[in-house]
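The structure appears right after this line, and notes come after that.
We call the chains A, B, C and D, going by the order they appear; numbering starts again at 1 in every chain.
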């Protein structure tokens, strides 16, 4: 039996090549604009790590062929409750546990609602997003300290360093990679994403996987929430609100099909998150106006996706 | 589909809006508030009907074909921005401005469709890119200032109950005609449920998809104009700030799908929108806080979906009980 | 190898795009600007003053952040400024000011607050930081006063029935809460014997009550009546409906707004005869609204009001910081221009919108962006912010 | 038709094909899967375009832009897969892509006129019971096929192409189609008929063309029909060994591996059955008799209102438990229900056997490769490597992958719904051998099939179903086609 040819393997690396091109562009723009590129690398890590965490977990959900748009709001609620827990107890460990625990609880509600009542996950998460966003405002009201919930910056500063964040990210990716590659879960998830009917007729328990996927992704959300507090300990109603969309973009940027299935990869999320980090650094160095900046960002996004998805032009339009 | 008598079909289709009305009136009675207190209430109601109906059409046209569209809000914003700016510069009245908004929005839809057709990137991703792009365009077009027409009484004067009814009626009529009684519509419906077969038979899918994006865009142009004429201003949004409008269309879309079993689906969507408009009116009349609004809307969406996805089980339980009793 | 070709073409595209980037490595000063609002007319007027007047006049480059929504965004934006080798950061964003100051201090770049002020506690902590230049702008007291003045203006005319738009009050925004509290305080004070808002009859209690509720409740305040209230920025049908309802409220005479009044209410006010008062800026759109009687009262920050903080920043960057006798950073207040007639508005906006001759020109600023300017000189300069004083200064 | 070439990427589907079809002829096309039959006919019918070569129709160059275009000019095709769209009405399907014909002066499409003409079209093929205004989704598969037939026939084509249509039709439907084909022939028109069923093709066609690997191998005329010669030319070598089972006596072991009692619901009415180790139980009937539902029900994946299924004394009610207990199910809808098309051979085979691959709960690539390789070798699945997506494989090879999935998982009970549907003769034979082999190993096998010969050739026992009820049980040796058909209809 033969091996895969290089040509057949290229799609798997397209997104990594995309990341490399962006890094190259980053250095070139940096040189032209006389920027502090070394500091910029740190900034990229700091800014991408939360999205990378949440997106890596979300890969499980996307692999199943479903879609979660409440990730940002879930991160926000977890972070707010984590911060309130810290303020009540003064313990970082409690804060960590509350962040992860709240995220897991939300994930559990999400997935069990969807699986007990056979709801389409996407629409469930749309509803969840509005509930969670509203809940964030209510929490801030309860907290009763103006428009923010604060943790003392100096209390979390010891954790606000790159090695710690990278270690958390690496550990979580390793966990996800382990589950995705070395346990049946990943295979089964990819199969469900590829053909749910066939998966069911092959004895795969879809509902169980939907719950597992939500829970694993919830751990990512919890870690993301924890690092959000560590990075910026003053939280408000919009904390982490952009993460929901960032995650979709990161996953697509990372070369994973949004429809999930067999071509799903854990590393897509990290590659995508860091690609976005570099892109936003480049955009900030170019110092274009908000409007033009966003137009160019959108164009580059579409271009990169176009390239990363390769030449799958069928006779039919993609759906 | 069992043949049901026309009357029964009609009653079933009106079931949801009437039930919503009854429940809300009951709550209103309890609170000592009248739902339709004055002209403003009616205006709010019909504006909401118009907005939600058109937005839901715009969403469902492409969603039924498996094409998710996050850019609806951005299209509405950008078209209203362009039309409003031109109205300001040229001093034209509401109807020409509406026409410009519709034309611009249709063009934006067409461009969106064109990018999708050319690149073959999955539609949901294209729509994300286009949403960002159009938000950026609107911002760059006005230098971020948005549009202010508050002094243009002629354009603000467009916001009347009569015009809302007119716009809704015309849009529903056109959409029903277009999708149920033309060649485009016949091809569209064929493509929705049998993409491969339809294409192999020789139906031009690319053209149809472009048409759908253009129509969907045009509808959002109307929505954009209605909101521009209502407040006299168009605010800018960046970083996906515009996508929220899409979420308002889900519940009416599902309700429309359910009612569509008994009458024309597109009329069903309008009745779904009527139900939503009643809820919006109630929120305004009861002075409901926005976080409560979000939670109530989300719960309604989830509850309706739970019913929809477990209808068989729920109904059979219900029937089983009945049979047991009798 | 189609994919590889495509990559090469992408790389090529990027290079071409980069070739279009003007090589701006001539060593000019770069200043980062943090903004949490990129679209309001006030924010745009400020931005135009910096990027179209100051940047050209002084040969500096302003790098604006995206529209920030949280403290994490502020931190990332400052990181980006550091990457860009900015010498200074001017902040219009207030999610977490202490952390902004700490971050800039750690990176050794100057930091100034352009709107609002630090709390006393915060000021005490940071006033002797070398990199902390200071804050110039309306303090919460000035915001409170702006609201108070607005309400008092109508009550003094004999009006009794009001509506109120609370903007970001439900999001616990300080600035809007203080303005709203000011309005209520004026009503309490002028509402006759025993007038109170939900039992609160002094500024502190009113502010506390709003923070506790996250909202404001329509009620009678002595002889006056707050007949309707709308808050938030929902932009949905129900919200627009509430706004329309408020304008349509029987017998309502004036609607007091903490901001964005014309944008959110203009369409409904048109032709209703209800007076509209707001806090905004001197833009053509507002002028038109004023000319057409839609807007009746406007308190506005003039675009060039952020000139002095730039001058102070420039001094710091040039190694001649303005400090008080104890070496403390600036903490100066600055209020609003209030226009209550179309003529007045025309006069203000003519000065304010000028990009060749703004309120604070380079000539004026140069007097204070120089070596040896004392804290007191500078404070006196900033305190003369009223329109007439500035016109006098220009002469 | 001269020098036709067509390739899809690296796969060459047609090489230098020359073919003549004469008026008044019913021409059979036969060949293994992937031999190029469907490609050839789809080019003729305008679904795709050839890379090279020329077609002449009545002496004129033939280059239809689409299926409608081809149909309008005299060549119509009834496709192998479902050719109707469920979401629109029968009338709309009949005039798919041509709604502009019914345009009123206002530019709108008149539904009334369309439905009137549809009625006439349906009458032509005597499909009186189908209403033009009905949503197509309400029709069963056979009725939908008839709608397709009507769609083509209403255009009075000069050449009718029938691509494996009969698999979806009952005997009655088939006869209707044969009648139409013969009447075309009588009018001096031509038919190109594709089928896997050698008996059918021999009965229907005047001449027979064999394709293999995209080439025309040979032609037969009615006089020279010879099963062995045709089969040999199709697979390119002599068939060796038996086609079906060689023994003619029923046999099984004592232990019952699958027992179903009183299955009711989804069209089944109180069905009980048992399958013993080493037994091949056949279930036959018309396509709508409920036997396909029965297959699903026995795997726990049908919505039932009553009844139980158990294997070796352990009851189960969903596919997950079934799989765990060693029951495997091969669906009739191979592409949509048995395989994940974009996934690789590796993934498709390994998915049901992950617990066998697990080593200390981990899935190690090496063990997985060995596991998959074993099945690939045992079933001689043709592929370049196991990372190949199954979507690019031929029907027979795909079916082998499905078999590999269940065999690898160690299933002791196999429910095979139409296991050789759309599979060519060469592979079919090896599958029959494989099934016989499994019988010998003591597995319990249930074959649901619409092919009578297959059932008679393979089964120890045969249940004939009609309207959701088992009508009659036959034992091996007592089965004959005429009797069976009597109970089916």
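What to note about this one:
Everything that follows uses one rule, which is that contacts are C-beta pairs under 8 Å (C-beta built on N, C-alpha and C of every residue); 3 or more make two chains touch, one makes a residue touch a chain.
A quick note: this is a predicted structure, and the numbers were derived from the prediction, not measured.
Comparing the chain pairs A-C and A-D, the larger number of C-beta pairs in contact belongs to A-C. The chain with its Cα centroid farthest from the Cα centroid of chain A is D.
For the pair chain A and chain C, the distance between C-alpha centroids works out to 34 Å.
Inter-chain spacing, taken between the CA centroids of chain A and chain D, is 44 Å. Rounded to whole angstrom, the centroid-to-centroid distance between chain C and chain D, based on C-alpha atoms, equals 72 Å.
As a whole-number value, the distance joining the C-alpha centres of chain A and chain B reads 30 Å. Counting partners per residue, chain C has 38, 66-67, 170 as the residues that reach two or more other chains. Counting only residues that touch two or more partner chains, chain A has 137, 242, 289-290, 293, 296.
By the document's touch criterion, interfaces exist between A-B, A-C, A-D, B-C, B-D. Residues 46-47, 65-69, 79, 82-88, 92-93, 96-97, 99-100, 103, 107-109, 111, 135, 137-138 of chain D touch chain B in their complex. Of all residues in chain A, only 113, 117-120, 123-124, 126-131, 133-135, 137-138, 242, 245, 248-249, 252, 257-259, 289-299, 301-302, 305-306, 309, 312-319 touch chain B in the complex they form. Interface residues of chain B, counted against chain C in their complex, comprise 38-41, 43-44, 47-48, 51-52, 139, 143-146, 148, 150-151, 153, 156, 159, 229-233, 235-239, 244, 248, 277, 280-281, 283-285, 287-290, 293. On the side of chain B, the complex with chain A involves touching residues 65-67, 115-117, 119-126, 128-130, 132-133, 135-141, 143-144, 195-196, 199, 205-206, 209, 238-240, 247, 250, 290-292, 294-295, 297-299, 301-302, 305-306, 309-310. Those residues of chain A lying in contact with chain D across their complex are 1-4, 8, 181-184, 187-188, 190-191, 194-195, 197-205, 261-263.
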